[in-house]
Amino acid sequence: MPAILLDKIFNPWDEIQRYQTEHLRGGQYGATASFTGTMRDFNIKETVTHMTLEHYPDMTQHYLDKLCKDCTEQFELDDCLIIHRFGDIRPGEPIVLTVAWSGHRAQAFDACRHMMEELKSNAPFWKKEVTDKGERWVHNDQHHNKE
Amino acid sequence: MPAILLDKIFNPWDEIQRYQTEHLRGGQYGATASFTGTMRDFNIKETVTHMTLEHYPDMTQHYLDKLCKDCTEQFELDDCLIIHRFGDIRPGEPIVLTVAWSGHRAQAFDACRHMMEELKSNAPFWKKEVTDKGERWVHNDQHHNKE
Amino acid sequence: MSINVQFFASLRELIGKQQATLPYSDGSIVSMVWKDASNGKTMPDNTLCAINMEYVKPDATVHDGDEVAFFPPVTGG
Amino acid sequence: MSINVQFFASLRELIGKQQATLPYSDGSIVSMVWKDASNGKTMPDNTLCAINMEYVKPDATVHDGDEVAFFPPVTGG
């Protein structure tokens, strides 16, 4: 049940597949729920070239590790996975992946969603838009990606 | 927003990736929620070698097509995808995949789950266990896969 | 003037056939189609019925040329 | 006898530094650490505070050797 912070583009489907192959047994889990958040090019003024995602490395890692551990217990998961980008992100690139493996679909869905909601509310990440004229911090009421 | 009935094993992650590449534009969607239901080897008596999934081809296709169409409208999705097996299925193999692409995570989660709940309640499929001593129909209160 | 009847899963095995063609009678309803196609067997309580791929109640009216299907609770997904 | 203070995102820019080391004073609380480290700037209303990677309120007690962090509402995910 790892939480992985990445400063490079990643392919969520390859990561799920790889994690499953390496860490789970084929017939063990009956239900896999996943969520991928991607940077949209939509709603972004044309001058925005990319986003920079700042984080508080130790606390972010600590927070996400604890979130994985707590979710696994609370929802009785077989396993879970969180991957989150930091650094420069371009439109169309995945920002976050949450995955829950469980024996039961309700738990898988609930856990996957809970990870996203908790992460969006509490994980120490801050988005900044980079434009050709300068930079500006994204606020919670702006909708540049999945929100 | 296709619903695909398959009589062969499929890789859900490859299918999501392929569908996304062929039918969606990179920065269009911000949120992708997926659910995969897999046949467990757990809780199944050792003599069960596989399951056979019977369906009512025209009605099943009709039902799933309508479910995709209705979900896309109801949850204002960018797109959705359902893949469901029929025929012989072995432990560890995926049975069903539902995916929702949306601008917003709540809609993606809600739609993905709604597709699964509706499908499990109403799509004309019937599971039969095949053992070395014979066959028996699975009832709703049995838990051989993600339920 | 006929009706195409389909049975699935455990009902197919109960009735002993997958398909039957019945003559259409004016004013026929789904439960009458069951009776005729099943040789008078009792319809199991939880039986689901469909006309032309849409779920209906056993008292739904059948029309000439309809496909009427009977099956047990579904267990897909 | 010291405290390590960290500022992130817009607060880093507001304060003009990422990090500060303050002498530890007995009975110190988070809001006092802000005051000392920020040269008396007003703490923005929605500021979040953490001690040693755990969220705390501004009136939480600080201990010698703690890492105290200040940052704006998070916008990850």
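All chains are identified by letter, namely A, B, C and D, in their written order; residue positions are counted from 1 within each chain.
We adopt the following convention: a residue touches a chain if its C-beta (ideal position, glycine included) is under 8 Å from a C-beta of that chain, and two chains touch if they have at least 3 such contacts.
Since we're looking at a predicted model, the values are computed, not measured.
Undergrad: Once the contact rule is applied, which chains count as partners of both chain B and chain D?
TA: A chain counts here if it touches both chain B and chain D, which gives A.
Undergrad: Measure off the straight-line distance from the CA centroid of chain A to the CA centroid of chain C, and report it in whole Å.
TA: 49
Undergrad: Cα centroid separation between chain A and chain B, in whole Å?
TA: The computed centroid separation for chain A versus chain B comes out at 24 Å.
Undergrad: Between chain B and chain C, tell me the centre distance in angstrom, where each centre is the average of that chain's C-alpha atoms.
TA: Chain B and chain C have C-alpha centres separated by 26 Å.
Undergrad: Can you list every residue of chain C that touches 2 or more other chains, as numbers and ranges?
TA: Within chain C, no residue contacts more than one other chain.
Undergrad: What are the residues of chain B that contact at least two other chains?
TA: 37, 116, 145-147
Undergrad: Can you work out from the touch definition every pair of chains that touches here?
TA: Touching chain pairs, listed by label, are A-B, A-D, B-C.
Undergrad: Okay, in this complex, where on chain C does chain B touch?
TA: Contact set of chain C toward chain B: 6, 8-10, 50, 53, 55, 69, 71-77.
Undergrad: Considering only the defined contacts, which chain B positions touch chain C in the complex?
TA: The touching residues are 37, 53-56, 58-59, 62-63, 84, 95-96, 116, 119-128, 137-140, 145-147.
Undergrad: For the complex, give me every residue of chain B touching chain A.
TA: Within the complex, chain B contacts chain A at residues 11-14, 16-17, 25-42, 91-92, 102-105, 108-109, 112-113, 116, 145-147.
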